């Protein structure tokens, strides 16, 4: 696969007749405070029931992309200036956050943001505000995915560990019965074992509930292994996309995101002798 | 050689010291000189009652700078600033009447007295945060009023008259009262503002802001949050005390009602409408609130005289609080960062002038 | 010579032991990493060192200073700086202002100097500014110099954290997951910064990091915490093969984890 | 050509005590307009100014400066205790005669008291008169004073103590009760245990009403007699306290609205109707008070004839004595002033509230003898 | 007759009114971290609406109900028109908006015949009969009704916040608005609800207060300030705290009036003594007696 520009033709599943159950982001531009442009025409698709990964450098606009989808730009003083987000035949980009959730798209925010002063169980119940289904059953459902949470149910969420908070944040989002889940750096600050566990769980929920997932990750290794399709973002644009397996073998992705040399050897951090000129696709 | 002496555009600064300047370009320096001249001539231009309002604005501005130090820059909500003014006023009055000290000693003494008490009142800030601290200042306000009411030394809140002041052979009389005090208050205000501006450019000022934004991180920077908060109280109440001393002389007598809770609330309104944590805001806030009040008074007088409304509907009376409240509310709804933000934006505009972006 | 000694430190929160009898030593000039699962007590240990928590039992010393009961600002005064895990920046202030604040203890002039400003305070402030700008250059933060920190992306904020700690000109630098939320390329940059800090400025570094690749590559010594207890300690090679570590932390041997994994669905 | 003279009042139309102030302002304004309509001052048109100072002294000072400095007001109608105390020095300096709504005795005490004139008897005199009444009925009785926590409230305490001593009464307690006290049971119970029989109030109507209601609930109304000075009683009190106000004894110099046979009250009703005031406003004693102040001012102008200046009005005011006393009929006695005498209508009556809340006189108009002993003026 | 039990009882009676008035404060704070300085004015509005209706011949209870409905809507309106725009602005600016609002409502009340002067309810027959005697202290029926209404409302809200999904969500919003939005909470609706509920309790407090101590704008609005120490003592975000804080302040006021005033010349210690105790308590418990401690982990 060659680089430089996104190649729609190279990814047949995406160009196939758009499925209304897909979440599609269409040429979206976002500005903060009316002047700081962050997204410069981002298009991507989360196919129904699939896991899609979104990679990119710090400040590329990944979080912003998720906010644009979930309608959470407004509290940050951001605006979609151009483009649309559609899901299930509805245009989401005009809706406020709570309506987006009703439409079935739920974001797990960066840095987890659990309700610190509420107990674990109360956190989950707050996730059930839309009243889809019986919250008692839903609690049970979440506890089967994350048995640890059951043990912590009456602990104040602010005093649980990072990994527990991440599970809680995902569990809380699941209480709203989403059709598409947006995860912002779920591995952030988690120990390797837990990263595996969280991703395994995401995969499991994806399989069992047919849940579509868009996951923003810096841990490209795990993300590409646990996803079907991937995008790479730089400077507010999608610069690369493809099946996850194919992406993982792209030499640039290998070098900058997976940290392996051309020879497939992991290079030692100690040997990074000089500062690297960051690769730009623009 | 600067590209232009009058605009900032195109001028590169080559030394960090240049970033420290307050008035960077000749245009700014020129406007400063013009401003000083206008200020000096103001009493000759303004009618007497307006001049009185200007004096009031300036005295409040001193108190509001102080309130900005504690509440605006350090984030310690203070609803007792009027009481600190009161401490200054009473201390000044006692110094002037009991110790026969001249006003230029009595007023700073008022500041020092308020600073001492202010630091003491600030002690709970070592443990309390946010609104829980606010109630400590509220408590002080109430205890202050109560105590004055029980102290025969302070006439139990009745009037303590201050002696008339004389400077360079000119006496303060009914006829020249406002001009007389204008020329005394103005330099005090300018001096107090400059001092604070200086503190702001240095580590002491930054430490206060740091404590406001994140006191844990401030501690990690080696700043003692407690010391910083007490410094804020010390400075903030010193300013209040000086304002109180000025107010005592300006009002000719100290009476407890002048330092009540509603004045504290009004000072807070001035600080917020002006823009918390901004020096220009400390001038603009009092200016705005006092002007608004005058405007409303005129309007309600006029309306009251029109007999436009049926008996029993007291429009004239209703108008003042109504318009006052509504203005503040609308103002904050559309410009929560206060008047200072307008000031900032217009300055930015001139900085980039003649270029738009 | 200032060495950091943690001796038998126990920390309890209402019945819950966050740390139990932890001892470790950080020799001068080394990079020492602390690893362990989430909730193992790594951050709590840093909190004890930097004065945010005080150990229920045990002692922490840095050179001749006893840190066990010292307040954070005092610890900072001893030459210990810290970058926080969960971003404790002054969000409303710009990058430069954040760094200026870190110079607080290095600026020596009185409140009176400050009121007058011209003269001593003014000179010191100008020097100070020059110092801060050098750090901005070093940490490659130029594009963000005047931006309010709160609007920067997560990864950049982490870098500002490290820069600010560095601005304190410490003898010991405590870094709590400085590379969280970064991709490999950015981690490489951060590693360079850390190595330069250690090698060129001789600053001792304590690093908490979940990326074992990084830890194994650059540490002189690694300690492993689990459930508040120190379960291993030694050179990276020793620790990487310790079965307890593998069980508690990685699930696979660290040596293996350090290898690229076969990528595929 | 007509000459325009400003007749100006500054007081609380809004803010604290505005319940009294608003009616007072109406009285001043209406009388002033009426004087114009009646052409009471030939060749002179009164410019009637009532200005709200919101009970804020800085505002009062500003109004004063505007009135005296810009509008050349020859006489100042003022309001609150605090602002008048503060203004004493300036008033002395500018020599502008002043008629306050506050009947605080300290206003006409030295120093700086040459130009202050109380329209009616002082609070202190009210209280002392009440004590005299108590002493007559019940020598040696125990009395408690309840006062407002302000200079206004504390003012009569000293004189009351002196008078009680001479009258053989025991003041066993002095308490401050302000506007936001909602519950006075504790204080009343203590009074009860101390054997207090008479509770004398120097306050505004609100706090007194609360005390009365608590006393009624505790069944103390029969056991203690509640009494009060000018600003405690009247319509305001009965409106607030309802039937708990029954039997309350009130000292004031003014005639009541019900006393329709009095010429002053007839005038009040007439003017009130003419300017379309609400029934409540007209009934209020403060409306009458405002009229009295304005009437005194207009009368002083009348007497000043061509010299309508501060000095002329001072002369006009101080000429109101003996056969030249001024009696507009609003008060039980005539208004008398001289250079020595700065209290207008000294005479006062005690009135008691009946079941329906109307105050009926229980004494005739008289001065308090004792007061002149405990507080000799000048 | 022993003074102490009487003082305590009187403290509890007045304290439960404070608690009821404080409830509205807590409701708003709990969901939006806003201190509502216009609360006293809303209380006054409720009381005057009820009063105006009874003046027009309406049954007292009905008038009270309508007043509660009216302030319910008023609360919602205030949120909608004034506070919604302020979401995400500095909290102190929001607080200042409420101070401005207090002025606005004052002005509006002055446009009615109730702005100046004092009024009192015709006490309804059920409440005007013989009260009961507790510890030798007679309590009027009005007082008993006040205590019961206060406790009833307070109990209902305690249950609501701890057990119902909506109540939990309201607390969640206070904790982290953005996160609450991410799970589909309409933050605006939560705020509107909080303000509406606060309005409702305000009218209840206003009517009871009006019954007990008459209606003046100053007196009713002034209670807004009185409530501040109550909520701080109890803990700003705690309904239970409002009850306990109200009772404690009520009792402290009465104890100081009962004992301290006898010693301190001039008395009036009830104005300051509760504050002194309050500060002392805060120094030991910086978040009040029941307030949630801010979780600060670095």
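Letters A, B, C, D and E name the chains as they come in the text, with residue numbers starting at 1 for each one.
Operating definition for what follows: a residue touches a chain if its C-beta (ideal position, glycine included) is under 8 Å from a C-beta of that chain, and two chains touch if they have at least 3 such contacts.
Being a predicted model, the structure only gives us computed values, none of them experimental.
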Chain A to chain D, fewest steps along touching chains: 2
Neighbouring chains common to chain B and chain D, by label: E
Comparison of B-C and B-E by number of C-beta pairs in contact, larger one: B-E
Centroid-based (C-alpha) most distant chain relative to chain A: D
For chain A paired with chain B, centre-to-centre distance based on mean C-alpha positions, whole Å: 50
Chain A-chain C separation of Cα centroids, rounded to whole Å: 28
Between chain E and chain A, distance of the C-alpha-averaged centres to the nearest whole Å: 45
Separation of chain C from chain D, taking each centre as the mean of its C-alpha atoms, in whole Å: 74
Overlap residues in chain D, where contacts from two or more other chains coincide: 14, 18, 22, 149, 154, 176, 278
Where chain B touches two or more other chains, by residue: 146, 149, 216, 312, 314, 317, 320-321
Chain C residues counted as touching two or more neighbouring chains: 52, 84-86, 88
Inter-chain touch pairs (all): A-C, A-E, B-C, B-D, B-E, C-E, D-E
Chain E residues touching chain D - in the complex, by the definition given at the top: 1, 3, 6-7, 10, 13-14, 17, 106, 110, 113, 116-120, 131, 137-140, 143, 209, 212-214, 216, 218-219, 222-223, 225-226, 250, 253-255, 257-258, 261-262, 265-268, 270-271
Complex contacts: residues of chain C adjacent to chain E: 43, 47, 52, 84-86, 88
Complex contact set, residues of chain C against chain B: 50-52, 71-73, 76-77, 81-82, 84, 88-93, 97, 100-105, 107, 109, 111, 113-117, 121-122, 125-126, 129-130, 133, 164, 168
For the chain A and chain C complex, residues of the former touching the latter: 32, 36, 55-60, 63, 110-111, 159-164, 185, 188-194, 196, 218, 220-221, 224-225, 228, 244-245, 248-249, 255-260, 264-266, 268-270, 272, 275-276, 278-279
Residues of chain B touching chain C in the complex: 15-17, 19-20, 195, 198-199, 201-207, 209-210, 213-214, 216-225, 231
